[in-house]
Amino acid sequence: MKIDVLYFASLRDAAGVARERVDTGAADLGALYDELRARHGFALPADRLRAALDGEFAPWDAPLRDGAEVAFLPPVSGG
Amino acid sequence: MKIDVLYFASLRDAAGVARERVDTGAADLGALYDELRARHGFALPADRLRAALDGEFAPWDAPLRDGAEVAFLPPVSGG
Amino acid sequence: MSRFAISAAPIDTQALRRALESHGAGACVTFEGWVRDHHQGRAVRGLEYEAYAALAQAEGERVLAEACARFDLVAAACVHRTGTLALGDIAVWVGVSAGHRDAAFSACRYVIDEIKQRVPIWKRESYVDGDAGWIHPDRTPR
Amino acid sequence: MSRFAISAAPIDTQALRRALESHGAGACVTFEGWVRDHHQGRAVRGLEYEAYAALAQAEGERVLAEACARFDLVAAACVHRTGTLALGDIAVWVGVSAGHRDAAFSACRYVIDEIKQRVPIWKRESYVDGDAGWIHPDRTPR
């Protein structure tokens, strides 16, 4: 299935892109992050991130579906 | 001795003046307030007021001297 | 830097806020007290504030100096109105800047709490029903 | 009334402050986060903020709605900058009005604390020594 992935801050720098379409068989958000972390060499482990699915926060075991938009969110530092 | 007395808020309304010069033999601020309370019919007892002598807060047993400026301060309500 | 003032004219909050600026400050907290249309169940029409100006100035400066001594501040200021105020007018303004927000919030709260307790300023409320009176809160003087 | 916004343009604090006005409000507390010239011992030259705009908007609105539910407020608003900021620029503004100052202080503090913890916005600091980096505080995500 095809998933649109958004990257922010240090993850964007590491991926080299703000957004990419990936073709994956990952069962859930956690498996997708593991796959992309191996590919891009992300320094941040999943337990320091939050994940979002289609514009809302989602748990790591949320299942994926074709055409979903996923974001992996490093620790925030607004304010 | 002559003392200048300042009145504020409800004490000013009750005294009918913002300031008056009184000739008194009162030994301290407390005795002076008792004297003026009897004269003007102030509703507020001394324990709800603070006193000031020559522009600074002063205890009720502060002695008076000729030419002093005294103020009796009702409970404040700024802010 | 700290500054206290009693003002018979409307409070210029923008100028006061600018005076708090510093590149060493990361947080700025301000408090404004506004003339509200009700007090203890009565409909308020307007207010008048009277101050014992010389002592209010000295006591207000002491409050700001205490805030600067207790909290890690860059700057602090407070202005209190006197005279006749309408609904919505600013009766008192407090502003502080600090490196971090903890100090800024704590100091701003400290200043307004102490000003209300200690500074010789009195409020006379005028009510919609035509009545009016000085407010002398019933608390033990300190 | 509550309003959250992400803004690429400088924050118009006067307009935001006016929108909090109400004759039923007696207290207004504002917080401004300013770009400070140092962070954890390093001399800072400037900042960049990036947001996940759609989710930041939704989460910011949730924070304001929570503040309105927890505290007795008249109005609340918050604006957070994105883009490149210089020293002294306003990074975030929070303002609340309420009948009384207790609610106003508590709510303003609640909003900025939650915004900093939860809203997907990231800061990239540029240092005077030429280095730069994204800030990802080491705390357990909630």
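Details
Which chain is which? They are A, B, C and D, in the order written, and residues in each are numbered from 1.
Following the convention adopted for this analysis, contacts are C-beta pairs under 8 Å (C-beta built on N, C-alpha and C of every residue); 3 or more make two chains touch, one makes a residue touch a chain.
Please read these numbers as outputs of a predicted model, since none were measured by experiment.
Minimum number of contact steps separating subunit B from subunit D: 2. For this pair, subunit A with subunit D, the centres built from the Cα atoms lie 26 Å apart.
Annotation: 73 Å between the Cα-based centres of subunit A and subunit B. Each chain gets a centre from the mean of its Cα atoms; for subunit A and subunit C, those two points are 49 Å apart.
Multi-chain contact residues of subunit C, defined as those touching 2 or more other chains: 33, 112.
Contact with two or more other chains is made by no residue of subunit A. Contact annotation for chain pairs lists A-D, B-C, C-D, with touch applied as defined. The residues of subunit A lying in touch with subunit D in their complex are 6, 8-10, 12-13, 44, 47-50, 52, 55-57, 71, 73-79.
Residues of subunit C that touch subunit B in their complex: 33, 49-52, 54-56, 58-59, 80, 91-92, 112, 115-124, 133-139, 141. Residues 14, 21, 23-38, 87-88, 97, 99, 101, 104-105, 108-109, 112 of subunit D are the ones touching subunit C in the complex.
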